[in-house]
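Quick one: structure below, then a few questions.
To keep things simple, chains are lettered A, B, C and D as they appear, and every chain counts its residues starting from 1.
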Amino acid sequence: MHYKHRIAQRAAREIRPGQNINLGIGIPTLIMDYLPEGQQVFVHSENGIWGMGRRAAPGCEQPDLIDAGAAYTTCVAGAACFDTLTSFAIIRGGRIDLTFLGALEVGQNGDLANWIIPGKMTPGIGGGMELAQKSRRVVVLTTHVNKSGAPKILKTCSLPLTAPACVGLIITDLAVIEVTGEGLRLRELAAGVPVDEVVAKTEAQLLVPAGQLPTF
Amino acid sequence: MTMSKLQTAAEACRPIRDGATLLVGGFGQPGTPHTLLGQVLAQGTGELTLVKNDANEPGLGISRLIEAGRVCRLIASHVGLNPLAVAMSHAGRLQIEVYPQGILAEKIRAGGVGLGGILTDIGLHLENPAASRLVEVGGIQYKIEPALRGDIALIHAERADTMGNLVFTGTASNFNPAMAMAADLVIVEAAEIVAAGALDPDQVHLPGAFVDRVVLIESTGSDYGVLKHHALQA
Amino acid sequence: MHYKHRIAQRAAREIRPGQNINLGIGIPTLIMDYLPEGQQVFVHSENGIWGMGRRAAPGCEQPDLIDAGAAYTTCVAGAACFDTLTSFAIIRGGRIDLTFLGALEVGQNGDLANWIIPGKMTPGIGGGMELAQKSRRVVVLTTHVNKSGAPKILKTCSLPLTAPACVGLIITDLAVIEVTGEGLRLRELAAGVPVDEVVAKTEAQLLVPAGQLPTF
Amino acid sequence: MTMSKLQTAAEACRPIRDGATLLVGGFGQPGTPHTLLGQVLAQGTGELTLVKNDANEPGLGISRLIEAGRVCRLIASHVGLNPLAVAMSHAGRLQIEVYPQGILAEKIRAGGVGLGGILTDIGLHLENPAASRLVEVGGIQYKIEPALRGDIALIHAERADTMGNLVFTGTASNFNPAMAMAADLVIVEAAEIVAAGALDPDQVHLPGAFVDRVVLIESTGSDYGVLKHHALQA
């Protein structure tokens, strides 16, 4: 299984029945394939759907039904479609229980940076800032290090923040890490990954519990 | 497992405690959640702050709670059809606070959509510049109106599905959509409740994401009927 | 014809085809009976109708369709029903071309006072303040004097204002008076009413044009 | 005499002048008023300020106006799907100003509903307290976001009646309702136009009171179709 799918599969286990969830661009969209069967979850898409279903099957696309990443999508039974004002009323009003987002950097206090890369023109934040700041819980899905091999989980973010102290859980290709009042706590390891590797590839201080850690 | 937000009125209203702030839909009779208000009356809840456009009329809607002494404070836009509420206010037994109707709706909406407040020029001529919070934007003076939220919203809809998606009708919409966004617990009564998937997603007025509990109106008796004194005589 | 109906009939002549109009409580509601036949006018009711029709015929009332004064009403073909937010978006957004309102006092600069009577508990302004302040044109319909016989059209209003300098035209049981940059200009007389009577019953200065005035 | 707001695209768009600020509906393709934008392109209007959620994609929607050099300034929330617009911005040939998506929508709504602005805590951590206009309400810091209006709104609807009442569909609603409230002249294109009375008053998404002109979409060609690169491969 590709690491992105393994992250998505692990992430899906964070979802509780009846929750309103939002899936950011990138790895988070893969969660759609791992939603618990027969359990009602309401997927919100910020361009105007509550109750979004899977991507439209080839030939069944409706031109006026896309997800926030522009892919053709579907509605489940009980869905509602609405405008941008209503969609962000749901977000800023605190009605999103759980949001999955990608990251460029995560600070050990839960700071999230995922929108400006220095030296590049930012394409804009879209709905990400409101989702990060106002969702009841934010779970970050990311590779543990960036393309140059540098850690993404840092003592302090160097990039402009999307939102401060918003991240509750970090799921990477190597580990599951919880953001706690005491700092970052290592919770689970990807199958076959030693604790030492995770510690070495994490710039921030990691609290490592004694004993065997669960794997995913 | 299929999720449903359907509950009885008694179950749904149980979390309403003495001292709560309730947002109550309705402009006059249409859109007033009579079934839910009847439950609040029956369960004895008091010391309430109510936010409603008006005070209904004596013997109807929130006036029953006011008459029973359950309401300390009412935030409204116009209580002219309820001389009883006006008299209680004169007697110091009910505190009434009024706002221009659309500004009251916007304050509630701001609370619902996660804003701190709005800037408005309505009624600016009545403000005491020393006492008010005024700001200038684009060379124009505005007053800061803080957002307003409630603990619980009591909402009336024409139709709901089991997911809490709502459809309103006629002039019964009024404050209901704004209030259904602006409370920690949102309880809806509906004249009809349908299965998930029975409503066209394009024709939902308020998505179920905002709604926590849905109650079926069991008796659509005189509370929901035509008030003869507002009808033309045959 | 009762003076209220004569005021309403005269007021209806201020309406232009295609306008969005709002009719306040009292005399303004009578205008409904004098709307020009076969000419499209969109009557807005602030409790949530655009395209309101006449009052519901006896036995045809719909419990969920009332006007802003709580009377059962109807919709014309092409009507829309909506919530309070949308209704006042129409008003404050400047989409009401013409509003008819009652008055306790009108100042010669167009100030309007119609909501607080001293010594009485105010029932609240409802939608009146927003209508007075934001409609493109405000026409006041009122008796020329109050129940004690005192003038209502004053140099300066003594009551708290609904909105300052908002009134464009005043139609009373005695006269039609325009609010202009130079002051109040007498435009028309009710049939049989002499200019002297209007001047005597108006506290504010009246500009009286030379020659015969039209009557209504 | 029966009133109608129906016009041809050429008639409806004639008042659009060089230098105008246009509010343009759409999130990606859905809800983008291609017919009206085509008319603006054809009539040669330039020096435009556009307000749109995104910049569409190269060769589509507002990107055609941008590519033709007709746009000096774009106010948006995300232009990531249009590398061409990003490149023009780098080259100093297009000024791009971005806001968080929901805040952009609220700024426009505030302009439409006659407010001076809103108070928001979104992105407050990026503000320079010395430079920003911050106010405290209920012990919380908020930033003042001024209302935003346009000269003309270009709106896409699924269905309209001759009075200008509008119905939207799916994710094609997006910024359209907010923008249709916030311009001095509101021009709507619709895939279907019906007689007054054909729409259920309860099922109108935006009342015709806001709408000045309605244009029938005559060619629903590739602009309104499925973009193959966003579809799953068979």
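Here is the rule we use: contacts are C-beta pairs under 8 Å (C-beta built on N, C-alpha and C of every residue); 3 or more make two chains touch, one makes a residue touch a chain.
This one's a predicted model, so the numbers in the text were calculated from it and none came from an experiment.
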{"item": "Set of chains adjacent to chain B and to chain D", "value": "A, C"}
{"item": "Between A-D and C-D, the pair joined by more C-beta contacts", "value": "A-D"}
{"item": "Centre-to-centre distance between chain C and chain A (centres being mean Cα positions), rounded to whole Å", "value": "57"}
{"item": "Chain A-chain B separation of Cα centroids, rounded to whole Å", "value": "36"}
{"item": "Inter-centroid spacing, chain D versus chain A (mean Cα positions, whole Å)", "value": "29"}
{"item": "Residues of chain A touching at least two other chains", "value": "49, 81-82, 85, 88-89, 91-92, 134"}
{"item": "Per-residue multi-chain contacts in chain D, two or more chains", "value": "106, 113-115, 121, 168-170, 201-202"}
{"item": "Chain pairs in mutual contact under the definition given at the outset", "value": "A-B, A-D, B-C, B-D, C-D"}
{"item": "Chain D-touching residues of chain B, taken from the complex the two chains share", "value": "106, 110, 113-121, 133, 135, 137-138, 140, 142, 144, 146-147, 167-170, 201-203"}
{"item": "In the complex, chain C residues that touch chain D", "value": "17-18, 20, 38-40, 42, 44, 49-51, 75, 77-82, 85-86, 88-95, 134"}
{"item": "Residue ranges of chain A in contact with chain D within the complex", "value": "45-49, 55-59, 61-66, 68, 70-72, 81-85, 87-89, 91-92, 121-130, 133-134, 160-161, 163-164"}
{"item": "Complex contacts: residues of chain D adjacent to chain A", "value": "27-31, 53, 76-81, 86, 89-90, 96, 98-103, 105-106, 109, 121-123, 125-126, 158, 168-178, 224-227, 230-234"}
{"item": "Interface residues, chain B side, partner chain A - complex", "value": "1-3, 112-115, 161-163, 165, 181-182, 195-197, 199, 201-202, 204, 207-210"}
